[in-house]
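As structure tokens, here come the structures.
Two complexes follow with subunit A in common, the first pairing it with subunit B and the second with subunit C.
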Partner chain A sequence: MLKFLIWPLAAIALLALPHGLSFSQQEILVFLTINILLVTSYRLLTLTGEWSLAHVVIMGVGAYASALFTKELGIYVPVSMLLGGLVSALIAVILSFPLFRMKGFYFLIGSFAAGEIIRLLWKHFRDPFGGAKGIKGIDPMPDFSIGIYDFDFFEPVSYFYFAGLVVAVCMWILWRIERSPVGLTFHAVHWQDKLAEASGVNLRAYRTLAFAVASGFAGIGGALLAHYIGTINPNSFDLDYMVFVLTWAIVGGTGTFYGPILGCVALTILNEVILREMGFEQARPLIYGCILIASILFLPNGLESIVQKFTKRRAKP
Partner chain B sequence: MSEFLKVENLTMRFGGLVAVDALNFTVEHGTIHGLIGPNGAGKTTTFNMISGFYKPTSGKVMLRGEDISGLKMHEVARRGVVRTFQHSTLFAELTVMENALIGTHMPFRPNIFAAIVGWDREDKQGAAARANEALEFFGLDHLTAERAGDLSHGHQRALGMAVAYASHPDIMLLDEPFTGMNPEETRQMMDLMRRLRDAGTTVLLVEHDMQAIMGLCDTITCMSFGKFLAEGNPKEIRNHPAVIEAYLGGARHVA
Partner chain C sequence: MISKIMAAGLSRRTFLKSTAITAVGAALPGAALAAGEPIKIGFLAPLTGAVAAWGKPGLDGCQIWAERVNAAGGIELSDGKHPVEFVSYDNEYDPAKARTGATKLIREDGVSFIMMLGGDTWPGVQPVADKTGMLFSTLLPSDLSPDSTTLIAPTEVHPIYLVTGVDYLADTYPDAKTAVICAQDDALGLPSVATYLAAFEARGIEVLEEPLLFDPATTDFAPIVTGLMSSNPDIICLDTCYSDYVHPICEQLFQQGYEGKLISATADFYDQMIAKTSKEFMEGFIFQFPDFDDPAMAGDKINFEDAKGFYDAYAERHPGEWGAVSWEYASIMDLWKAAAEKAGSADPDAVITAMKEGGTGKHAFGDAKWWGTELFGIDNALVGDWPVVVIEDGKAVIKGFKSIPDWYDQHGDLLIKHMQAYDQMYDQRG
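Coming up: the complex of A and B.
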């Protein structure tokens, strides 16, 4: 009974949430929603044991693709967002040919190099990518009305509802994949690739599948971002952003589906709300870094380990 | 069907070392075939070449007349040749049931789109049934929810075989299946292998436990220093002078 009530209650809470926040906090909420999709899709890749440093750049591929589709070809924005995701997945499949000749640490470095190459291409080719200045004046999501609510996409609240819905659908798909035999095979590829191969698993195909699916959803996240802020440039998707994604995943823990989400939400609130409110404008990165180190020292299994402790104890009696 | 699996002039060189030198033998369908030899004879290397873990330097592995040498491990597996590993190579972090489910990868190939939409219910049930069958066969059905890494050594070895068996193999390559088992466990495992054979699965095994090998195998191939030494039924092998010499040292010098 309680289980059936949790989801509608969570939905109502999320619907009400932006109305209790200031304008700038509402904007942060939109970015947080997109980042949740980014970090959840990243987890799908880490299921196979590979950690990529190109995930944010791949997200940028989706953003650039979607922006260009609407600008140059006049495609309807929601459709071009989907196409942006598809382009990201396609680029990931192409990148997988050189990258999956490597594993572990070498894959990490290789993916970083691949990401930087893509970023340099954006910088170098003024047509169509706009060079270092990027693309400006990206078409916003067209306003529409669903009867009870008028979507006005210059309002962060409206965009939060829209992005929230998209992200929820994407996360539902990612959840289904993880819980399916495909997800189990990803785990198998991670823990014992040789035994998985002896059971008939095509390692290359499954690594590529995880990389492509994760990249596709990151691309949709990038498209959501591009049509919200209206301007993107190569520096919107730089290594700093990637390091944030990594820290969300590490601090949250990647053992469970909700771990990275937890890390993303907790660290964003910490960084953007608490530290800002306390007036640590200059020292924010310093304190952020200290908290990071502390969490690795004292919470090696991430924030999810606290939740697990709590839920396990409750389940026993 | 005779000449089910045939190894022709199989050779593996690691730099200057010839680990396996022009090896020839044939595994008949529906038999238990043992591969023995002193330490360093190249038995595991031979296994690795048959299963596609290594690419042979030269020579061929023929399965039902098809050359499978140099194929990748999953391609060899999809042709019905499934192997186990020395030591307890398992998905230690996953449960026993999940281990067995991964074993069913080939008969019930997962499909990502069906999984998202939810059209894979029949496949999932089929895979679960097959996994249960395999676990039951190896006497592990009471342990399905345990973490594989927490099992006792004997159970881990059995689980390794259950994972291989879950994929409906035509031939199972077992790399030292009896290592670390007590006599009772060994006896049970021998029984299970006989049942496997009687059900139509060919078994090729590498083993050091002579008692088990002699009691179990229909045919034994003995190798020494990478070369073919002798082949025959257990009785012939036991009394073969070359085999005795390889294991016990030069009998002629003693005499």
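Coming up: the complex of A and C.
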């Protein structure tokens, strides 16, 4: 019974959540929601055993594409967001040709280089990418009403509902992919690559598929971000941001679907809410770094290991 | 529902009032302050990260300013005197965090005015400013546009003041006829490059190569410096590089044996640069931001009250941290205080009206005029004289004050030409 109730209860809790927060916390909630999609999509790629340093730049590809589709071609914002995701996936497919000639550490460095090339292209071509200053005045999501609720997308609550719905749908798709035979094959590509290859699995094709799908969803995340803040520039998708994604994934753990989400939520609340509220605004990088080191030392399997411990104990009797 | 309230004929004032009701303890502009209640001023700038050197020293300066003003009784509005209090938010030079910070400062903290560094962060805040009508200031007039009437640049007219340094250089060293420029490829670097190009062209100084634009993530400056020196220029221009770049570039120039002239927008923490190079190497380094203990800052035309006292207090509390922005935000507060007292109110509309009355204002370096329609599409930059500073015997010395409007009257077309070439005119941005 509880199993059937949990989803409606979770949905009600999420609908009520922003109303219990301050205005700035509502803003943080919007960015957190987008980051959850980013880190969840990143985990899909890690299923195949590859860790990319280009994921945030690929997110930026979606953001730039969606912004340009609306600005230059006048495409309706929700459609341009989807197209932004498609462009990200397409770029990932193109990048996969050189990148998947490499594995492991070499892939990591190769992906970093690919990401930097894309960022340099944004900087170099002021037309259409706006150069170092990026693109400003990106069309916001158009307001609308559904009778019982008026969506004003300047307001973080409205945008949270919209982004939350988009992210929930994306996460459901990612979840279904992971549980499907394709997802199981991703695991096989990581853990039993020789055996999988001997069984006729095309390793490169599956790695490319994971890279493209993960990139597509990251691109949608980028588009959600671009149409909320109204401006993007190459520095919005730099290595610092990528390091945050990596730390969310590592601190949360990548063994389960929820691990990176836990990492993202816990570290964002710590960095953006708790440390700021405690008055440690300027000391945040130092404290954040210390907590990261401590969590890696004392929680080597990530925050997900705490949840696993708790659920295992409950399952025993 | 909040969105319903917002949708029902939202005006700036109704928005401010509705959020004031909702936000606990908020005292928003327009709503009267209780007698003696502090006036809150928002400080939304990078306090951590690579650009922190242009945020944190400014906040430190503001705290000293607030102590001095509060010790003198506070800010006198029509309902009596109010102490002033700064509320800071570290935007990490990120537009998304700047938006969150602006929302917090306006809707939760109830500030009456927000000071920003600007640059990459302003476009994230612009929708909040437009929606709320809050008065913002930027150090970078290149953020100004006719779209945002409540954004002002009342102190630093970056990068236009850079022309005064080039003028001084050309007057003092007429034999220096060739130059090269390097800058980080970002919102601060590019308009500055355009300005230096115009200033060099105006004085017949040949720029030997295309300005070298490096990635802001650069940490190894040896190849950049080698590239700059390869054409054997008389002048190397460091543009508006952050101190994290100026220092290693100077170190490399010293190590690679450069002997020509150096010009830069800033030389923050120049004592550290001297320590890393030598007093002789840094001799004659031209930049634009004075130490406020300079005797010239005690002149009659200076509008920054007790500049030396302010500098001494800063140096005592934050030794070795005096930089370009240490005084700038405090100087903006001088203007804001004068305007609020003139208007008798902290309301953003009243303050900006009082501030711009007569088209002139009291800039830290002398009386100035509200200016900028040609370059920014709006007269929201306060422009007058700007000092030229040179390092002499290990100490920054003001060599004189030069008029920016006078330069612009003669060479404005050159500046517009180069700004257009770099897509930096207000109608080219975005």
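Note that the second predicted complex is superposed on the first by the 317 of 317 C-alpha atoms of A that agree within 3 Å, B and C clash if a C-alpha of one lies under 4 Å from a C-alpha of the other, contacts with A are read in each partner's own complex, and residues count from 1 in each chain.
Methods note: a contact is a pair of C-beta atoms (placed from the backbone, for glycine too) under 8 Å apart; a residue touches a chain by one contact, two chains touch by 3 or more.
Just so it is clear, the structure is predicted and the values come from calculations on it, not from any experiment.
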| item | value |
| --- | --- |
| When subunit B and subunit C are modelled together on subunit A, clash or fit | fit |
| Partner chain in contact with A:Phe160 - subunit B first, subunit C second, else both or neither | neither |
| Contacts of A:Phe237 with subunit B and subunit C, given as first, second, both or neither | neither |
| Touched partner set for A:Trp248, first subunit B, second subunit C, both or neither | neither |
| Which superposed partner A:Ala196 touches (first subunit B, second subunit C, both, neither) | first |
| Touching partner for A:Asp152 - first (subunit B), second (subunit C), both, neither | second |
| Partner chain in contact with A:Ser180 - subunit B first, subunit C second, else both or neither | first |
| Angle at subunit A between subunit B and subunit C, C-alpha centres, nearest 10 degrees | 140 |
| Residues of subunit A touched, compared between subunit B and subunit C (which is higher) | C |
| Which superposed partner A:Leu209 touches (first subunit B, second subunit C, both, neither) | first |
| Lowest inter-chain C-alpha distance for subunit C and subunit B in the superposed arrangement, angstrom | 33 |
| Common interface residues of subunit A - those touching subunit B in one complex and subunit C in the other | none |
| Residues on subunit C engaged by subunit A in the complex (per definition of touch) | 1-4, 6-7, 19, 23, 47-49, 56, 88-90, 93-96, 99-101, 103-104, 107-108, 120, 123-124, 126-127, 131, 185-187, 189-190, 215-217, 423, 429-430 |
| Subunit B - residues contacting subunit A, complex | 51, 53, 72-74, 77-78, 82-85, 89-94, 98, 101-103, 105-106, 108, 110-112, 115-116, 118, 120, 123-124, 127, 163-164, 167 |
| Residue ranges of subunit A in contact with subunit C within the complex | 22-24, 27-28, 31, 120, 123, 126, 130-137, 140, 143, 145, 149-152, 154-158, 225, 229-231, 233, 235-236, 238-239, 272, 276, 281-282, 284-285 |
| Subunit B contact footprint on subunit A (complex, rising order) | 173, 176-177, 180-182, 184-185, 187-188, 191-192, 194-203, 209, 213 |
